[in-house]
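In the two complexes below, chain A is the common chain; its partner is chain B in one and chain C in the other.
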Partner chain A sequence: MDVTEIIESNYSISFDADSSTVKCNGYFRLRGSEEYAPMSNMLNDVADLKLDVVNMDLTELEFLNSSGINTLSKFVLRLRKIGASKLVIAATEQYPWQKKSLRNFQKLLPETEIRFS
Partner chain B sequence: MTEKQAKKSSCSQPADLVQELERAQQKIAELESENRDLTLLLEMTTRHSDAVTEDLQQDKEDLEIMFETTVNHADLLEEELQQKAEDAIKESERKLRLIVEATPVPILILRRADNEIIYINARVPTLLDASPADILGQTLDTYIAAEGELQLILSDLDTDSSIDHRKTEVKSSVGRLSWVDMSLRTMVFDDENCVLVALSDVTDLVNFNIAASRFVPSEWLGFLQKNSIAELELGDHFSSENMSVMFSDIRSFTNLSEEMSPEENFDFVNEYLRRVSPVITHHSGMIVKFLGDGVMAVFPEHATDAIDAGIASLNEVAEYNLSRTRKGLSAIEVGIGLNTGPMMIGMVGYDQRMQGDAFSDAVNLTSRVESLTKNYGTSFLITADTRQSLPQPDRYDLRFVDRVRVLGKRQSLDLFEVFSADPEPQRQLKNETLEAYQSAVDAFYGGDYELAQSQLFAVLQKNPSDKVAWNRLLQVTRALDEGVSGGWDVTVMSQK
Partner chain C sequence: MKSVYGNFVEFDLGDSEFLDVAVSMSSDSVESDWRKNSLCAEFIAKYMLNTIEAHRQTSNVESRDIKDAINYIANELFENAVKFTALANNRAISFRVVNVRDVVRFYVRNSIEQDRIEPFQKLIDELLGGDATEMYFQRIEANESTESSSTSGLGYLSIMNDYDADIAWKFDISLDADTTSYVTTMIQIDV
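Take a look at the complex of A and B:
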């Protein structure tokens, strides 16, 4: 994997190989798939690793815009298509959108587990 | 051709048939094989097509899911943001109310469309003598004393979008009036175009200024180029080369007052001043000060104002006397002296206590002139300087009285009597005898005392009450008796 983290002033996304965890923090407010491309590429690389379990830590992701959820959706879809990994999402009830929007990922990849803290 | 084939073709028919059959069977076998291949191919193609369709179907489903995911998420965000925006507006309005409530000045907000008061702070009910329930829903016009004033203020606001220090009178629900200093701002409140109005009660200040103007008239402030008495400084002054000054007082006031108690004195003086003071201001004069039973006034503009004021005062006194005699009180006599010349009006005293006054030689002289009215038996004396300042002296009933000089000074001045306010019979007689009188005067100063005497006899025969003429006659007689010496024809005034 080339890029394992993208850190900006108000958001960051990183992949920790030891724990197989993708961590998303802050405010995902980029515009369109063009701006999300670096993130998209990184997530593609994670999917291609064909890990048994992929963890996604969204507990510190306060805000996710439409293009952002689209990018994550594509990641989940890729996981299904590659077919090697199970997805476990760590979510928080602190940010109301997570309770409502994350379950859609289960429609894309039925083996997705969402754990709320 | 093989041997077998040659044999066949040339002879036996059964052998041909068998051969054909064999060939036919071979063909069938070939066709069956082909058929199997095609079937297989069809199967393969169908399977592939199904697989592709299944993939596409899956992709379609995935896209639908993703689409729904994104759209639902977007809706969610939109809702959240809308809520946040509404909350922000509410919060900012809450803060506004907090600030308005905390401000110790009456503040109200009115709807621009119909001037209806939609919000007030706790100070407003006190100002308007009404409860909030009564005030809210009223238009602000209800509480502005001057009709139509609010419209004027608001149209000014349209041009400037903010107004400060607009003074206007407010009328409370019980009709109580207050002066307010208004500030107005346009704003959006509760989604409507509104006006924020802050009212600072300046009634006390305004009332104080009004009260102050009763002690230091606003014209006085104007001359000293000050806006309020608070700005007056010791030494402030106004000079003019040509101002008229008038002294007036009640003759034999001391005698009169002896007969009255202090309270009666007090009431008497005020009654008198109440009558004559407005006459002065009415003729563009300024009362400098009250001197017991008298008044010192200046007339900055025209000497005619001063003479008119003098005549009007005497008329006023005549009327006053009518009411006095009706009540069995003695009539009062008033003397007026008037002079015109350079003088200065200003603030005199000391830092902690000062008053307005007028200064110059011309002023001092006028006081002396006034006191001479008694000596000459006339009510109203003016100096030559005043007479010269008149554009049309003939408009008035004037005649020369005497030439006088203050003891110690070299310059003499001529005094004239204004008898326009004399009782009508007197006035007429004086006019009728004016020619004879004038020639008597001319004769006297020309040294022809006999002529003077005979002219005066003629005058006095017609008008025995003419005290001025009597005085002149006295002088003529003295001249005839005692003889003359240089410069003695000038009456000397001693220093007061």
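Take a look at the complex of A and C:
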């Protein structure tokens, strides 16, 4: 993988190979697909690793706009297409949007497990 | 040309509490303009929560849910308004959020370029014409196969699908090339 982390002033996304975890922090409020492209490329690389399990830690992702939903959905769909990985999402009830919107990923990729803390 | 789409509820001063926010968009800094979305949305959410809590008891969880929902919807509305605002014509975006009993209604009004009106009305017809959940997933699946995906409509669909919202639009269309056209987007949720 070329890029394993993107860190900006109010958000970050990183991939830890040891724990097979994508961690999303902060506020994902980017303007459209073009601005989400670096993130999208990184997520494509993660999907292409064909890991048995991909963990996604969203417990510190406070905000996700619809373009961000689209970007993460594309990642889920890529996992589905490749068909190698199970997706496990660590979520939090602290940010109510997660209880409302993450279940949509389960509809895209049915074996997805979402663990709320 | 049809000007109202969906069940557009007009603002009634009567028994409502409301907040008006009007912002100007500048062509100087796209970044600064974009940041206005979250600045406004967060303020609006905190403000309206205070209003709602003044009228009834809410648990901590309910308060958190309400604030989060208003924040998300307001942010999406601002993002769309910013994308559509016809900078050359009128740089203002007017936002009103209203609380009447257990309902919150959002109204966002922005200018819109003449040549964007018809495609937008076509999109609206699609959004109002089918099942929101089905369309939400169709759009996500369709976006998968395109390099540069158009997320037009996905914001509205996420609001309808995840927040159980009603959406409607009203156009003030100018037939005169020198006068600006406007569109008002209305969203209603139960709180």
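Rule of thumb we're sticking to: the second predicted complex is superposed on the first by the 117 of 117 C-alpha atoms of A that agree within 3 Å, B and C clash if a C-alpha of one lies under 4 Å from a C-alpha of the other, contacts with A are read in each partner's own complex, and residues count from 1 in each chain.
The working rule: a residue touches a chain if its C-beta (ideal position, glycine included) is under 8 Å from a C-beta of that chain, and two chains touch if they have at least 3 such contacts.
Here the structure is a predicted model, which means the values were calculated and not measured.
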Evaluate whether chain B and chain C can sit on chain A together after superposition, giving fit or clash. clash
Return first, second, both or neither, reflecting whether A:Gly32 touches chain B, chain C, both chains, or no partner chain. second
Chain A: partner with more touched residues, chain B or chain C: C
Clash list for chain C against chain B, restricted to 27-35, 117-125, 135-143 or 171-179, contains only 135-143
Common interface positions of chain A, toward chain B and toward chain C: 65-66, 69-70, 73-74, 77, 96-97, 100-101, 104, 107-108
If you look only at chain A, which of its residues touch chain B in the complex? 64-66, 69-70, 73-74, 77, 96-97, 100-101, 104-105, 107-108
Given the complex, residues on chain A that touch chain C span 27, 29, 31-34, 63, 65-67, 69-70, 73-74, 77-78, 94-97, 100-101, 104, 107-108
Where on chain C is chain A touching in the complex? 30, 34, 37-38, 64-65, 68-69, 71-72, 75-76, 79, 136-137, 140-141, 143-144, 148-149, 151, 154-155, 158, 161-163
Where on chain B is chain A touching in the complex? 62, 65-66, 68-74, 76-77, 80
